[in-house]
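Just dropping this structure here.
Per-chain numbering from 1; labels A, B, C and D assigned in written order.
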Amino acid sequence: MIKSEVFIRVLYAHTDNMGIVNNARYLEYFEAGRNTLLRELGFPYTEIEKLHYGLPVIEAHAKYISTAKYDDIVKVAAILKKLPGVRIMIDYELFVNDKLIVTGYTEHSFINLDTMKPIRPPKDFMEIVKPYFSAK
Amino acid sequence: MIKSEVFIRVLYAHTDNMGIVNNARYLEYFEAGRNTLLRELGFPYTEIEKLHYGLPVIEAHAKYISTAKYDDIVKVAAILKKLPGVRIMIDYELFVNDKLIVTGYTEHSFINLDTMKPIRPPKDFMEIVKPYFSAK
Amino acid sequence: MIKSEVFIRVLYAHTDNMGIVNNARYLEYFEAGRNTLLRELGFPYTEIEKLHYGLPVIEAHAKYISTAKYDDIVKVAAILKKLPGVRIMIDYELFVNDKLIVTGYTEHSFINLDTMKPIRPPKDFMEIVKPYFSAK
Amino acid sequence: MIKSEVFIRVLYAHTDNMGIVNNARYLEYFEAGRNTLLRELGFPYTEIEKLHYGLPVIEAHAKYISTAKYDDIVKVAAILKKLPGVRIMIDYELFVNDKLIVTGYTEHSFINLDTMKPIRPPKDFMEIVKPYFSAK
């Protein structure tokens, strides 16, 4: 398992008429989470792009348990629970003051940016990731 | 079953670096879909609010099958497949030129806007909705 | 002078905590306006791109006179008041129920998408635009 | 003069089809800037709201000099150059790697949140702000 955390201050622009963060905005918070996860892993998404790979979102899910409000600091935990293959699944757990407010996941597929076809992950990426999932 | 359609022109602001509509933006397209569904049903969301009810999103799911690009016209179909209770589930099917690009759903809970607690749907709403789900 | 109109239904996702459309979102409404202006002129932005031209925003201004609220229909008028050169200025007037709520403008520069350098507008574009600004 | 700085990592969701941060998104970066400015001043916007004051944007301006790209870290400097009255003007200077990419300002009006009418700033706010603008 690999886990990272990043913190986001809620702006007015993130909230809606109901006084809470708009449901669509959380998918951007998810992106901030996985951006941080890949960077801390030593393989930022910009590196993936430089190798002509892409990682488009093929599925996204969010469960809204509670709410974040203006000026709250949201902790976004991004978690890689399973060794990636052509597909990679990232889980998210969002907290305000240690209270879980949103959970979710995104699934991605490695693609070749030239052909836009699915492709196995870069070898260097797998070498970095594998040790986290080795048998104990 | 109740179904409505609304059309959205893709703006630059909806797209991202990959040249396609950003995954988070589709949740806004979903909202446009259900806004239209409720209006065509004769019970726009503003009416729900006037009765001090709210319908926050408690779960959202999107499956990205293909992509929409700048200036495409996206057809957003919103579909109510099951008689609502305290919870209401809306399905979405998005098309560009008759090609299915995204599917998904949102689940909502009726709440009392004063107490913010779950509550059964307004009677007037159920009276409008029920005939669509009557036994044949 | 060339003028076009497009109508936008205000979604929850456009509003913020203050119960009104968020100030940043109006720049997206402006984009919807100029997208329509160029299309109605017979030279949609996608045509400009096909000729390897771009029209990035180099300046944007908005004056918030009144507010749009959830479910309002905003009329976005986009107006080309002056014959474009390397630079093109577009004015915006936004209305809800015939009440002026926001005015603004964006200034753009034609660029060569290959060199990213400023360049005179495509000849075909100027031929379409010129008659609107001829001496009477 | 009062000045603050905050740093924003550019996400895919902030960029558009042209591979750069979308022009509308910078107004959100401006908001992050003034949120930080007020907090560092010891009078966060949430305090202003608790006193039943609001500070809606009445004018916004942005000049796009250069561009920020995916994964760039944008430094957002927010600057209060003039003693506020009913109106308050905040200037912004955005940098990527010490290169100035965007300048702009927003003008706000203090309003009474109950009447939505313009009103002089809270006394406590003025007491905090005044010393920064005293004659030398």
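Note that in this section a contact is a pair of C-beta atoms (placed from the backbone, for glycine too) under 8 Å apart; a residue touches a chain by one contact, two chains touch by 3 or more.
Only a predicted model underlies this, so the values are computations on that prediction, with no experimental measurement involved.
In this assembly, B is the chain whose CA centroid lies farthest from the centroid of subunit D.
Over half of the residue numbers at the subunit A-subunit D interface are used by both copies of the sequence. Rounded to a whole number, the gap between the C-alpha centres of subunit C and subunit D is 24 angstrom. Centre-to-centre, using mean CA coordinates, subunit A is 28 Å away from subunit D.
Inter-chain centre distance (subunit B to subunit D, centres taken as mean C-alpha positions): 34 Å. In subunit D, 12-13, 18, 24, 27-28, 31, 70 are the positions where the chain touches two or more neighbouring chains simultaneously. For subunit D in complex with subunit A, the touching residues are 9, 11-13, 27-28, 31-32, 35, 44-46, 70-71. In the complex of the two chains, the subunit C residues touching subunit D come out as 18, 20, 23-25, 27-28, 31, 54, 56-64, 67, 106. Within the complex formed with subunit A, the residues of subunit C that make contact are 12-13, 15-19, 22, 24, 69-70.
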